[in-house]
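Note sheet for the following structure.
Note that the chains take the letters A, B, C, D and E in the order they are written out, and that residue 1 is the start of every chain.
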């Protein structure tokens, strides 16, 4: 019963917050609401005993990415931003599409049947601690994707430099 | 008897030599080449005649011309009585006219061209008459047509001349259309197009009917009539006679050779040649007879009122050709050919005389502007007079015998149409006599009505022209004597000679009737002459009065019954109108091209509409993407 | 617990690629003449190619499959890099963006494609795709001082991110349904547990297909293509029009024919309308274009449509024809772009079709090459384009999609119109201004290679076809 | 009896014929464009060499059999079972000879009239020649299609670059028209290929039996390609434009060879591969042919443009050809094939002649002419020969062809034969009218003072004159080639037979 | 015990909200943020999956997604900045240099 209650809380809050994110006129507010929402998501992860993910949700998402957003938001002049209306003219179309999409996804999801279950039972994870298990899997089975991820980060750095850095062409 | 090959190929050689080297080397010596060649083939023809008289005939193939599946036809030659007669007629006239032309065309800039055409014509005509199969006949048939096209349009700088040439060729094509189909039907029936097998088997199909274009028709009638289409065109019978008068645009020797003596008689030759087929179809014969009769009447009436020297003779030609068909129509092929043979001489003579007159009148052709020429050009006058007597059927002259035989056989033929055509024929004989002498009187008698310089220019023609006149004159007088009927104590040798090929219709009639027919024809002949004398020598104002009185009739006759106008109205103009306004204007432009250009245009327009979706605005892109996703998802989930 | 070293032989090409790419990034710091970098990167990919032989096999428990299929695509990618670099050398100088990172990014993007081609696991697939995509976004926006380039980048980027979100959602659902992300395992699971009719599976399949369609620029997920192609540096346009497209087809083929083969009817019924739309819109809109880069963008959409026939056919021949076509397309399309780039010079953009008026009279050579490429794109023999199309159509018909092929040939006949239009402008109009061609040895080499490819494959396609056929058992 | 007779001439004659012109083109590529003279010479020699090489075909051909001769066969794309195989039979051999001859004349006639981009012009010309010969030699359907399409490229350039004022429209029209037809044929080819167990070998394909339904589909697929090329009635409108706008050489190639390919396609593919469908579709084809004959003819009566008139006359004459082919009997078909050759010679010659006078006056309007015969007698006398041949006067080649066709047509359907025969009357009408308007009457301002033909032009026309009379007087030389092949073809059509409904069912899977 | 479907529903909701934002917001950065929303939605479902399936792959993927998201953010924002240099607006609809 209790988990259901908690889930209900998170569900409501996350949905509301995300709605706020996409509807606020002032980008700064949006970022702020998003921040709050990430914290909620993080704590929901805890209930799914994925504490490490919760951690990176806070550290990387909230800590890094959103801050980046904030910087950029502050780059543009908010005043002009606050004059223009936030939605494009044909926003109802977007609303309808989104709603219809939700409906169809919901319909599809209702027919969900779980796939085969693995060996990482809750008990096992609680015994080994999530982070350790994750680490083991990540650095053995998923070493290869991990390497690719590193390259992605590398090129993102390069890209950011190439595109954003003011420089006189060599 | 291989030398017969020389007959056609000597003129052909002459043609080649003249056409190739004429312009640069031979120039004004061209006539020598031609005359020698044609003369040569005349000699050979005579030799052939001798052979044939001694009973030798020949039918052999030179080489296979076309071979395709079951269809095989050779270039081959058949020499029998009919052929020989034609050979004599053609080569004789040709030779004399070649000689005549040497004088007549002297100094013309296309001298060599003229003679090469003339030789080519002779070659084709000879191939026509010597053929032993229908396709080669067709070859000669079209060949002579071509030459007449060339020679009519010889003065091609004159529009009228080139028009006339074109007209002649195309009108003939209409006839040949039927002729060609006839040949095809013959092949499909007999499996061959050689005379011998066709004629020998014809009897077997006498009763056969075939399905033609969905109708069941009597086979032999079909074949005969299809072939007759060719004759109608070539021999200028109704309704395809329109080309012949215009053909007078050509130089006069051409009119004499092609449009009087030889080519135009090819139609008669064809019917005579195919007599085994025609004889099997009562209908066909009737058609032939009536066509001939009507044409001869029709042409004669027109001839009454024309003023153009050559056109009058042209119409008389048409009318005489009608006579020949009339003969064939009543089964008197011999008589037809006999008339063809005599007619060749006096009609050629008439034309050459006309030419000689033109020569004197510096190209003037209107007989109203002539008169009293006999004192300037006695030879021409005399010869032309004799020719006219001959055509008018004055006893003893060539025309008399042939015409009389035709009328008698028509009268006496069992065929019910016989009597009808006899009546018409007799009446035409009267008309013929009348207009021939109208011509004589207006031209040679009375006082000169032309201009003074013309009068000063008047003179007798040179020897090269008058000699042929005299020679032909002999023909016009004597050529008939080979066919004097038994009635007059003659041997009717011609008929006997022709029997093997053409058979001989037995006239059902008493000597009395025969005398009567002969008498009537002589009578009408003379009365015609008399009337002409009365109207044009005694009461010169009468013709004008009559013309005024019956102006309606006169106009119709003078305008040749408006046949030309009719054709251009119902045939030529509509076709071109359709071509311009329907085919080009609508089918091609409005329908096909509209589609051809319309579809790309539509696609292009659609394209420029479609590209407006690409607004360049990110949201629209996103929306379209999302919509696409939604549609696919919904569709996939709901199906 | 012990750590077992996986068999890395299959990865040798990727590893070599990574190392050399990094090396080139470093070399950028010391080397001032950037042309040298171009040479280096070509040497680099040639080295990579040299390691292909004997790198067959799988690794990381089936996450990485190095088979004939991936090998063929990698050849296409390598070719793509070589040609792109060759046509870039002078061009990026003209555009004043002669930075070393350019080559590095091209290599990394290619590395991403190679990983995609070999991905045996949805996670790897996703990461490879992102590696490729992110590098391509940067390259698209590489001319920072050009608003059009920025715009191209931003549009490409945002829509790309949007699409990959769907890819992820689909991936996650498939994971949820099957409990695995390994392609082979997925198809196994679907077969065993009879998921074929499951709506959620269908949904996730649709989402994956959508993401791939975005990469191959299939209608209606093509909207980014014209703008991105027009705005991006021409050399990168050439690169994008071949590389990511081919990679997209690679993963599409892999996922649909390995993992999702059990629900083939489902995805064919998605792909058929998409293919028709793609051919239709691509060919029709191309007719009314005035900018040649944009026109080629639409043409590349259309060609994606043709290639989709191969996937729809879903047979070994189908895939082989699709692969062959992509290889051929690489030759003819980059060839065309090479000619376009030659017209770009200081102060002259030369990307309008009207700039080509009378080119045949002023520069017969270049124009003749363009003619060949245009006819090849139209699919007129004896050029390679025809062979490719023929193979595609043949395999589609043999798979029973006769009517689809008829539609395709009609559209390819329509396509003749706008390709001919270029030829017509070049040959049948009088030159208006004298265009100075910026010819360099490298670009001449590129043209030589592409021309050779178009003609040789057009006349003797046997080798290529065999390669593609053995690639897919 | 074996399927084919291998090439016995000691060298791959057909390959040589195809690739020698292409080699010539490459050679031209190497010559600097400045040296126009040299370029012309090389082109001329290349074409002459091709002609000389093609002569052994004429002598070495075995007329006593229908099977393919001079056959060469090499593996080409084993993966698709495609072979590079060439060969000739009685139907195709004449067209190879005609192609090689006509090309020489095209080179000669363009000698002075092509002034811009001479090099490219002759290159295109030679490529066209190679492709044309390839089309007639190919024994592999795929190879055939390659040549068939490859020809479009140089032809498109020939029309579009060196053509008249409206050339671009004409060129694109020509290209798209043909392409749309061809691609549909391509689908047909693919179906055939898959059904017959993946073979393109024409000889083998034409021994198989195909289900009737499939035959019908394929027939129309092929029809789309061939009818456009012929061109048959509803799809003829590209021809007048292409003919009119193309340079002289282009028109000649179009008239003499290119539009023969359509009819050739019917003979080589539609009839032997799809005998039942062809038989069933005969009425349609006959109707279309007759319409083409009369329609094309009548339209000529209203033409004011010299080349346009001859173009429409081609429509009419090709109507005769298709009529003969679909008469499906010896006379008709042989007549049809011969008429293809005749039309090639005559219309080719007519376009050459028009080119000769166009070079002098630069006008195509008939109204601008008149009295040419006065100033150019030699020219006039040659032109009349072509005119007469075109209206089918006995002793010219036209007569043999048209007579056989009408005979055959009449045999298979009386109305067809009858109506076709009217075409001859109309033909006489417009050709003689044309001749009168151009050559007769007094010379007009544009015409007065024209110089008569020079030696080069004379040489260009003489071969045509010779051929016209040769075929007209001794056609057996040419008909002889066909007999066996046509017999065999007709037998194939008549015994085509639609056995095996079982196969019929299986094909439904293949198609849909 | 919370049924898995609830989590899926939640993720679906967030995902579509993200879609909505992406489709309707003028501001380019908020569009970008909407995409982040969509990614988070995916993460939610993945985490819950791997919890319920007792399998690590889900969270592994989440881990990578986060990484990629970071990289994406960096590049995306860099592009945006480059854009601002030439054209100071965050309104995407003013970016239609190229169309048709």
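Rule of thumb we're sticking to: a residue touches a chain if its C-beta (ideal position, glycine included) is under 8 Å from a C-beta of that chain, and two chains touch if they have at least 3 such contacts.
Computed from a prediction, not measured in an experiment: that's the story for all the values here.
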{"item": "Longest centre-to-centre distance from subunit A, chain (CA-based)", "value": "B"}
{"item": "Distance-maximising chain from subunit C - centres being C-alpha averages", "value": "B"}
{"item": "Contact pairs, highest-scoring chain pair", "value": "A-E"}
{"item": "Centrality ranking, top chain (CA atoms only)", "value": "D"}
{"item": "Centroid spacing, where centroids are CA-atom means, of subunit C and subunit D in whole angstrom", "value": "43"}
{"item": "Whole-Å gap separating subunit D and subunit E, where each centre is the average of the chain's CA atoms", "value": "65"}
{"item": "Averaged-CA centre spacing for the pair subunit C and subunit A, given as whole angstrom", "value": "31"}
{"item": "CA centroid of subunit B to CA centroid of subunit D, Å", "value": "38"}
{"item": "Sites on subunit C at which at least two other chains make contact", "value": "123, 127, 130, 134, 137-138, 141, 144, 153-155, 158, 162, 173, 175-176, 179-180, 199, 202-203, 226-227, 288-289, 417"}
{"item": "Multi-partner residues of subunit A (at least 2 other chains)", "value": "88, 93-94, 97-98, 101, 104-105, 107-109, 112, 114-118, 142, 145, 149, 152, 155-156, 159, 162-163"}
{"item": "Subunit B, residues touching no fewer than two other chains", "value": "600, 611, 614, 616, 618-619, 622-623, 626-627, 629, 633, 637"}
{"item": "Chain-chain contacts as defined at top", "value": "A-B, A-C, A-E, B-C, B-D, B-E, C-D, C-E"}
{"item": "Complex contacts: residues of subunit C adjacent to subunit E", "value": "123, 126-127, 130, 134, 137-138, 141, 144-148, 150-155, 157-158, 161-162, 165, 168-169, 171-173, 175-176, 179-181, 226-227, 230-231, 288-289, 294"}
{"item": "Subunit C partner contacts - residues on subunit D that touch it in the complex", "value": "76-80, 117, 120, 142, 145-146, 149-150, 152-153, 156-157, 160-161, 167-168, 171-172, 175-176, 179-180, 183-184, 186-187, 190-191, 193-194, 509-512"}
{"item": "List of subunit B residues in touch with subunit E within their complex", "value": "611-612, 614-619, 622-623, 626"}
{"item": "Footprint of subunit B on subunit A - complex, ascending", "value": "88, 90, 93-94, 97-98, 100-101, 104-105, 107-108"}
{"item": "Touch list for subunit C against partner subunit A, complex", "value": "1, 3-4, 6, 11, 18, 25, 32, 34, 59-61, 63-64, 96-99, 101, 104-105, 108, 111, 115, 121, 123-124, 127-128, 130-131, 134-135, 137-138, 141-142, 144, 153, 173, 175-180, 189, 193, 195, 198-200, 202-203"}
